[in-house]
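What follows is a pair of complexes built around chain A, which joins chain B in one and chain C in the other.
Moving on, here comes the complex of A and B:
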């Protein structure tokens, strides 16, 4: 049909319209794609910055017990800890941890407090941690442990000292002021040794929550299905009426039908059954199973939480930024920008004044303009090298705020000169004449009329230049150094936001923190751009008036 | 009327922009407390002449001036002339209103401030007096702190006049001050001139013959950089001596 119509008069036109339609469609498509891509990138950074989501391997079920064996773990009331793993709890009392940085990212010293094991309460705690001697347990109290005469005495220490922990009977901790109790995760899936054998280089895979329900519920009948050996699954039920059975119930684990002819009636024989029955699987306390030498199944669990919190903004960084916040880094960035502005704004405006008002328009001026334009296009790393050589070494300023800010000043000066020059050139001649005709001097005219009239343009240039400075990384590492503590003076090494992002990432310190710092950086840059837009908008409104 | 010495006494004034001559052998006296109108076709040198009176042509680097311009008997082109002081005494209103992008108050206080007046009460006084003199006070007294750019064109021009009056000049130069305004604003400014000439010496460039006829006491006709004829306004209009003046005027009124 198309072919038939080619000779008709309107067809050429229609074909052209169609081509135009396609072209428009493509342009629209591309622009939407660009916008979508932008949104995606920004959204991704913000999302990653605000939330962390880590896949973590553990042998523990996510279920946490408020008071395991009638005991509670007590911490200082200000401690922020939603739950603790059995291994961590055990490690606290066996000298595995000496401070809280790995536990809840605060940097208090860890003070494990135990009730004297010779008292009744103390003996209960010892049995809870290390197993009763009847079960083959042997107390391995760490050297850091401090002993208290009673549960109350132990709680008193914890209430007064942030970083201290203790384990006491639940009744003692109830309504005790100044403390907080932390639920403990200690339920695990114990398996018979045979299920963990290597077969054809394949090993039992990490279990999911669904896998565990299916294993215990008898819906997975062979370990082969989970990458293990060709072996029947024998689900075991914990002793009827035991604390373990009750806890497993609370954790949502069910045993729909009896699985072995005679379910064990006490814990010891239950564990012995798992150890002795090929292919057996059952829920157990991690500590008991480890003591009995029974392997535990690995599970994957996804840990999510807030990454960018108010605390992150207000706390100084610790451990190279792995923990803590970025308060000092935000402050350093602020100092750096302020100092850079203090150098660059007067210099840039003065240079622009010279170029517009005083320099004779000629070859020299053209050369000067070419120079500024070229400087504006030079990669920032070159400025970094120059700054390192000149400010850090030749002038002996060392790595510090001053060297960094001077380097940034050189970097953004051309931009500031260019924009200020344009702004001043656009001030109408009639305003200058008006001022001069009133008997003002040239200098008065410049300071009272020309600069104020061009201030929106000058300000916009400054804001955009500062936006570039805040994103600078490499040049600053060469000149400002990378100390993440708050700068103490002009010659003090300091780290800004972008350098922090770079170092967190490049040194593999923390991917999550890199993203949350990046988010802060993005917000800062957006704020600068927003401010520039507002100023430009005001300028246009003024021009229109 | 007693004859007082002329405010300006210009003799054999020649002016060049680079190599092109814009003013040729101008010799003229400008009388005190009168309105002198400068007329002539576009490009004949009226603005250039006006700007020699406050040395605003100095801003253009290619300008060269010869001859003498005596202001109250002293040559303003003499090397020891204080140009700042001259411009303070010889104010200027431009063709297009050029208020500064600041408040009304700051616009008017600008001149006194650059001349060193800091006292708030004094400045308040000056601002009010200048606005009253420029017949603008009643219209704007409630918005002195708002931007001058928000005023209408006619108000802006009167503000510029007030701004000049605030430095208490002696002569006011006006370069086609109403050419960018509507008839009502123009009438207001013409009435204002009537008042101002009692106190100031006014030199006004205009393209509008009726305006020159209405407001001026003397008129100078410029043509191609020459001062062709200078006489009382009525005499020049009704009894021109030079053929070129007659042609221009009859063409204009025609």
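Moving on, here comes the complex of A and C:
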């Protein structure tokens, strides 16, 4: 019986069904890919926005010393600084920094305080900071440095004044009220000049923590392995019993014993050995090695942390948004949306009323429709050009909130008109007729009956339009300006969230911050979408009831 | 009574003015764009502007040829549609014909959200993910025609999906039932009957998507590379008309600025032609078709 049914039409049918199976499978695959794509994009933005993960490039080992050479770095008790690099510390006392914004992102002026170098404590600090330069007679103290008579006097200044910093003997700072001490990173990997030669356009790679352990431990025997020249690695151990050796031990750096050649007995000859032995490598203080003209190895480490914090939302931006938060930018966005809505909502609803309630079928209605549709299709960069020409230049509004909002108004008008039209069309005729029969005028009917009845639909349209406006960038760059401070008035240049995202990236200010701001932007857009959905849902429930 | 009548007619005039504002806006945009861009053609011939690829506005003897940007715009857009149309059509078919209530709801929400994501966010996503994927797959720097096209494909897909779904769904039931009754499988019905019948709606959607894609600025700016050269390779850098405007806008003056408005005119005309095609030609055929089906 079964054989009889496998006639030719049956097999053709089966082939068709097989093709259908394949086609439907592919279609289903594409469809679920859409969901996956959305998840990927949102997930990626949110993840990058909340967490940053930077590859940090430095010549210093991550190990920080609490009291280098028996000295401590003291700052005001409220200063937020977990550790400082040697270059930063040196820079503080040589006029490299004038405030803290690049150091710990706070806004205070930097006041470097030093104990008078003519006192015993002061001389120790000078030797620590300037090394052999101090002996040579040219310690390059910066012009900003203020001098105090004693360690206690210096600490008193620091305790009283946020932004001040000083270096004093550890014993003096112990239990001194109102200050805290900051550990210093100054261990570096010094190499002989020969290891840093270019070979066929290839250069020594940045070292990882593992590379350093292998280099000093004798497990990497040739610089070629790290992209350097064909040269044997000669690990050097610091002088036995020196502070450097002890610190290197605390940093987890170990040497094979005995090292070849024999370890030097004092720091000066140790550094001279590294400078003079081809392929040599060893741990050193960054300041000493730099003074001796010995190159330092670049190291990379991955730094991770929280990017989008409450602080980021509540603080104003500083240094073009490199540090600080986005509070003023959120405020500007809010003002911009409010202003846009104030223009666009009445105009859009009024236009929809005319199209639905007054316009008769015919040429005029067609023309009006054509105008709205054409306006809807114009890309935002053209709106930007127009806004720049008309609002900014001809009407002399300048770059500011008003020009930006008016440009946005034109952009979102078609969306509001279309959705309001749909909403008003769905109001049943009987409602209008009932109102008119009760003696209301047409205008009264529209404002008391039609618009209230269609308000959920109109509201949805407004929310969706605003959701589009908040993400707009191209039209705003040349109409609203890019001042990241809070707008002071209608004509004040202002930067919104989306422009901030773009400028953070385009001006190379901070990729991480661009992602955090983008996350805020995406959350706002999602909230608008969600709100629109809620309104539609309520509308349907009301209609059903 | 008379005062009330006066009031009513005044209100009607105000409402009409609001409705007329869109047309005024379109006219103003046209007038100001042309007024600011046309003076360029006193110095550079239209032919040279459109068909030369020498863009050196700040050179001693400046060159204002935007051919490479026109080619760039169409190359990127064409490639984006090449990716987005099949995928968008497939998803549209799925939502109109195959999906259950629940899965169609989830996909619809996803498509809406994809349409709502700001273009600058797509740009950030593109810089990190798309450019590195295209660097490994296609070589080059990753900032290329293909990266820009992929980003644009994702951004135009929602438009195409929506229009495809709506135009398939709005077809009369008899078409599908007739085909099934003749013994065609569901797939044969979709591909031989429904899609051809919804053709003009789908084409309208594709053209709308094309308009969106040509006018898109920030996302392509961030992944396209923005080198002002003729795009010769798919993995090479590209600059589109929109990128050309936004890149130089911040510092251009004099003829250079005028040339940017002239670039805007070219872009505006392309968009206008696409939109009017949809509005005047395709909408008409849709209404005719619906009218025919109703009769």
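Throughout what follows, the second predicted complex is superposed on the first by the 471 of 545 C-alpha atoms of A that agree within 3 Å, B and C clash if a C-alpha of one lies under 4 Å from a C-alpha of the other, contacts with A are read in each partner's own complex, and residues count from 1 in each chain.
Throughout what follows, contacts are C-beta pairs under 8 Å (C-beta built on N, C-alpha and C of every residue); 3 or more make two chains touch, one makes a residue touch a chain.
Since the model is a prediction, treat every value here as computed from it, not as a measurement.
Applying the stated contact rule after C-alpha superposition, one finds that A:37 touches chain C and leaves chain B untouched. By the touch criterion defined above, A:385 lies against chain C but remains apart from chain B after alignment on the C-alpha atoms of chain A. Applying the stated contact rule after C-alpha superposition, one finds that A:232 touches neither chain B nor chain C. By the document's definition of touching, of the two partners only chain C reaches A:474; chain B does not.
Of the two partner chains, neither chain B nor chain C is touched by A:278. In the superposition on chain A, contact of A:449 is made with chain B only, not with chain C.
After superposition on the shared chain, chain A has more residues touched by C, the comparison being chain B against chain C. By the document's definition of touching, neither partner reaches A:11: not chain B, not chain C. Using the contact criterion defined above for the overlaid structures, shared-chain residue A:99 touches neither chain B nor chain C, since it reaches no partner. In the superposition on chain A, A:434 makes contact with chain B only, not with chain C. On chain A, the surface patch touched by chain B in one complex and by chain C in the other comprises residues 441.
Residue ranges of chain B in contact with chain A, taken from their complex: 54, 56, 59, 84-88, 91-92, 94, 96, 98, 100-102, 110-111, 113-115, 147, 149-150, 160, 163-164, 167. The touching residues of chain C, when paired with chain A in their complex, are 4, 7-8, 11-12, 14-16, 18-23, 25-26, 28-29, 32-33, 36, 87, 90-91, 93-95, 98-99, 103, 106-107, 109-114, 116-125, 127-129, 154, 157, 161, 185-188, 191, 208, 211-212, 214-218, 222, 242, 245-246, 249-250, 260-261, 264, 267-268, 271-272, 274-276, 279.
Looking at the complex, you find that chain A touches chain B at residues 428, 430-441, 444, 448-449, 452-453, 542, 545.
Residue ranges of chain A in contact with chain C, taken from their complex: 13, 16-17, 19-20, 23-24, 26-28, 30-35, 37-38, 40-42, 44-45, 48, 346-348, 350-351, 353-355, 358-359, 367-368, 370-375, 377-386, 388-390, 394, 410, 413-414, 417, 441-443, 467-468, 470-474, 477-478, 498, 501-502, 505, 514-515, 518, 521-522, 525-526, 528-529, 533.
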